Amino acid sequence: MSDVSVSLGANKYGKAENRVVRVLRDTARHEIADLNVTSQLRGAALTDSYLQGDNALVVATDTQKNTIYAFAKEHGIPSPEQFLLRLSEHFVREFEWIEGGLWQAEQYEWERIVVDGSPHDHSFVRKGQGTRLATVQVVDAATHVTGGVKDLVVLKTTGSEFAGFPRDRYTTLVETDDRVMATSVTARWRYLPEAVEAGIDYNGLYAEVQQVLLETFATVHSLALQQTLWEMGKAAIQARPELAEVRFAMPNKHHFVYDLAPFGLENPGEVFYAADRPYGLIEGTVVRDGAAPAARAWLDIPTSI
Amino acid sequence: MSDVSVSLGANKYGKAENRVVRVLRDTARHEIADLNVTSQLRGAALTDSYLQGDNALVVATDTQKNTIYAFAKEHGIPSPEQFLLRLSEHFVREFEWIEGGLWQAEQYEWERIVVDGSPHDHSFVRKGQGTRLATVQVVDAATHVTGGVKDLVVLKTTGSEFAGFPRDRYTTLVETDDRVMATSVTARWRYLPEAVEAGIDYNGLYAEVQQVLLETFATVHSLALQQTLWEMGKAAIQARPELAEVRFAMPNKHHFVYDLAPFGLENPGEVFYAADRPYGLIEGTVVRDGAAPAARAWLDIPTSI
Amino acid sequence: MSDVSVSLGANKYGKAENRVVRVLRDTARHEIADLNVTSQLRGAALTDSYLQGDNALVVATDTQKNTIYAFAKEHGIPSPEQFLLRLSEHFVREFEWIEGGLWQAEQYEWERIVVDGSPHDHSFVRKGQGTRLATVQVVDAATHVTGGVKDLVVLKTTGSEFAGFPRDRYTTLVETDDRVMATSVTARWRYLPEAVEAGIDYNGLYAEVQQVLLETFATVHSLALQQTLWEMGKAAIQARPELAEVRFAMPNKHHFVYDLAPFGLENPGEVFYAADRPYGLIEGTVVRDGAAPAARAWLDIPTSI
Amino acid sequence: MSDVSVSLGANKYGKAENRVVRVLRDTARHEIADLNVTSQLRGAALTDSYLQGDNALVVATDTQKNTIYAFAKEHGIPSPEQFLLRLSEHFVREFEWIEGGLWQAEQYEWERIVVDGSPHDHSFVRKGQGTRLATVQVVDAATHVTGGVKDLVVLKTTGSEFAGFPRDRYTTLVETDDRVMATSVTARWRYLPEAVEAGIDYNGLYAEVQQVLLETFATVHSLALQQTLWEMGKAAIQARPELAEVRFAMPNKHHFVYDLAPFGLENPGEVFYAADRPYGLIEGTVVRDGAAPAARAWLDIPTSI
């Protein structure tokens, strides 16, 4: 021990992973929204909760949880972005010492079960193809909103090559002009503040961006996963004027051609071993030219998978 | 220590979780099969590998792995059941001291990415809705085959009640005539040996059984998850004459009505907390009357989720 | 559909993964037991809950949960085995139509944090080395008890070889007289009924068996993982007269010598790549000679990892 | 599509989760280091790999992997920090267009198995208590080094209260002066650049900081998890002059007193339900006064659990 003096740096606190399911049952045709919501608050006045254990200004994490569930009833969940915006406005407005925070959501999509050819009114099967993401960040009196998707697993059996890379003492990789390329896309897109202000059809945008990402992955002849990432981001921004930038993390999920030569068999790209680890990890951001940068929008939001 | 004497009881050994991806690329329209295959062998003659470390009869787990990948090339993977049958026949026939074994597979389904309205030739997105299961068991000179599905997550927002249960000192649960019911279906169906012998359209059957399970879940007015399970199994067996029995493990994934009364809000089945643990765990088997029982078919196959 | 008739086969139901933490605070030196408990019931009379949704005899899974927590208070948790025995006796005695069931527990061990050289009275750090297991099975009017451990991860850097195995067309594995051997031990031991009857120091036995397993793994010069498994089981049974049999599932967690030759480096067993999948999967049971067999003791208990 | 123009923003790429195990076998008493290493590179010159798929400057992720394994042989792994420093120096020096990158490691600790009272020479059991962390960041011509720990799970059965928090419409939480407090500590500490320069006993420091964190958790009477976090960070910085700051993410793993009143039982802090989700999530950084700030040190390093 000693007389070393220390100070409190960056901090935030809240309640994580509130699993809220909202059912709209106004008619016999029910609708559901299934979210995992995290709420965290920041404020210089909270310093004493760390230094002294003084909780006088600590909006309890339990209160944050209650608010999430109450708001699901009071305001509904038209989209994760709008739901998080509501929450953020509440905490910043209701408690003057709360300067900002980070609100995050995952949304799990459900499809109606088809019975005799018709989608059922109140029975659903989880879609399982990608998880929708959203965040709202309030910092320095500005509000930033992102949407996104993760766990969107795609694969192409041809139309991908990798060659022309430098070789050093530690390079053994053989060049290829035809390989399997597979990845699990994590993409987060930041909305232009003026678009947020004007109002966005977040659900329609999500569907469209997801489709654009898939189509671009499918149709780009890939010289590198980096290039595919770039083309996917470019296509998304070109498709939707609301997007300021798209940030990707894409593992290169290696599929190795299994060596069948010892068994007297050829293997012209037919049998693969799908490896777990290690994997390539390609990250990049595609930015709309002219969009004002907003580094703080991404504060504490994981960059990677 | 002591002169206590011991013997070797039940045993098997092999290579687990071989991730094999098979691409059919005979035409520009590629097909893929994506499997996780486990192969394990049994035989009285293997006792000495345990007792003495004598490996003279131990078909190496590495050899089992190589065989899986080689067979993917030589025989293709028309269905997981047929692929496992091929493997089982090989090991039992090729090595006279191998009396049997257990072969298991998971299959991950992929959909073609739709580009400009048309399914793409060689680009896929993982379906993510349920994982297909298959096993082949060879024991006591008989071969048993099962198919199945797991992680098929379904939910209904009404049409489910739970009441009439006995009450004792430890009972606090309130009866309900309208609740959310959600589960993640694990179902394994055993094929009748005569159907296996005659040949089965395993892929068509899988699609049909999955659809029957979903439809039944959707349309049965549920008095208990047990009853829903029973109706699902009955419908599957009635739909497909190849099925001898269907074994289910279905967690009751509780969705609790969040208490909003402290906030002056009503909550008539609109806002739920989706709990992780604990969960109900309902298991049951539905058996076709007249089908010969085959307890050994299920040897070492997990009953539960 | 059709007039196909079906019947209910094997079934059970209950509440899974009840996370109960029991604190003994009679003195300033607190004790804790941290368990994950699953309770499931069986009985022919429960058939109508499946066939008709008639819940008149369904001891609610919520009631089973309440009972677990109430019993933690009323009877304490001296050991997981004793706690499950209490639960099993209660359900079978209290509800005449409950013929049996399966009760399972995981126990997470905690160590006291050492402060100034002394173990603290009420602050703990999770041990993280193996998870303790226990089950009680009541079936056909008999009660069977097992203990066990899982996730006990061990590795030896030498003293392991693998050679002498048969070679066929698909064999490429090279023999080795010195390899890294690593596994994650899952072991379940069945107690002799007469020992259960007489009373067992379950906690002392667990500590001793775990130590015997570790010592045997360490000291046996291994010719195959099968042989190591056998020696571990034999040593456990020789150490403790209460054990009827020990059932193991041991993955062979492969550590491959990384090929450094392309870089002009030798690699005499120094640098390894630790692979995830596939892995060897070795299973076996070591049985005390003369112990009465009890196949039903293992009903629905997972054999594998 | 359109004539929208876009640019490449932040990016990096590499190979993730290389599982490398290094054995020192110079004497009969072997030593092991077991790491999970991720290497990622950055450089403005890499832009064309994204924009054009031009790989001329792309040090292949496979080459990065090979380098990791080769360096484990050539330079050994005295500590994760030193190993990552070596890697970072290599890539930045060897490839002039590589401006920097992020290197990350997890280290899994092993204990010697004790046989007849003596630690064994070459047999180990995985410790399982916390995972060691390290990162090296090279950015803007500066090198930043952090150490850390995650999954260090601690619990105290008393000595924790939570009261005095504000109440609004959505507050229902009851104040408590005695609760169970449990968390899983993730802590990352940044080393002062001058200490890195001078050389640090990273292994000794890790052991000491972990012990200081545990002791502080144990002995601080907690008014809030925030306060415990602060005291833990302060104690670490006071204990080791090499530390510039410590960043924590600590989930409040709720243990709820189970309501036994309906069963006529009291529950004075004896029986708890350990919940999974939601959980509190408390984050904060403790900074040595006078240490130069280094925001870029934390670039892309996850803040949370």
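So that you can tell them apart, the chains are marked A, B, C and D in the order they are listed, and the count of residues begins at 1 in each.
Convention: a contact is a pair of C-beta atoms (placed from the backbone, for glycine too) under 8 Å apart; a residue touches a chain by one contact, two chains touch by 3 or more.
Please read these numbers as outputs of a predicted model, since none were measured by experiment.
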Need the most distant chain from chain D, centre defined as the mean of C-alpha atoms. B
So which has more C-beta pairs touching, A-D or B-D? A-D
In whole angstrom, the CA-centroid distance of chain C from chain D equals 30
What whole-number Å value describes the gap between the mean CA coordinates of chain B and chain D? 37
Nearest whole angstrom, what separates the Cα centre of chain A from the Cα centre of chain D? 22
Going by the touch rule set out above, which residues of chain B reach two or more other chains? 18-19, 66, 70, 170, 172, 262-263, 276-277
Would you mind writing out the residues of chain D in touch with chain A in their complex? 1-2, 4-19, 38, 40, 46, 49-63, 65-67, 70, 94-95, 162-168, 170-173, 222-224, 226-227, 229-230, 233-235, 237-239, 241, 245, 247, 251-252, 277-289, 300, 302-304
Would you tell me which residues of chain B are touching chain A in their complex? 18-25, 30, 32, 34, 66, 69-70, 72-74, 110, 113-116, 120, 122-130, 151-159, 180, 211, 214-215, 217-219, 255, 258, 260, 262-263, 265, 267-276
Would you pull the chain A residues touching chain C in the complex into a rising list? 169-170, 172, 262-264, 276-277
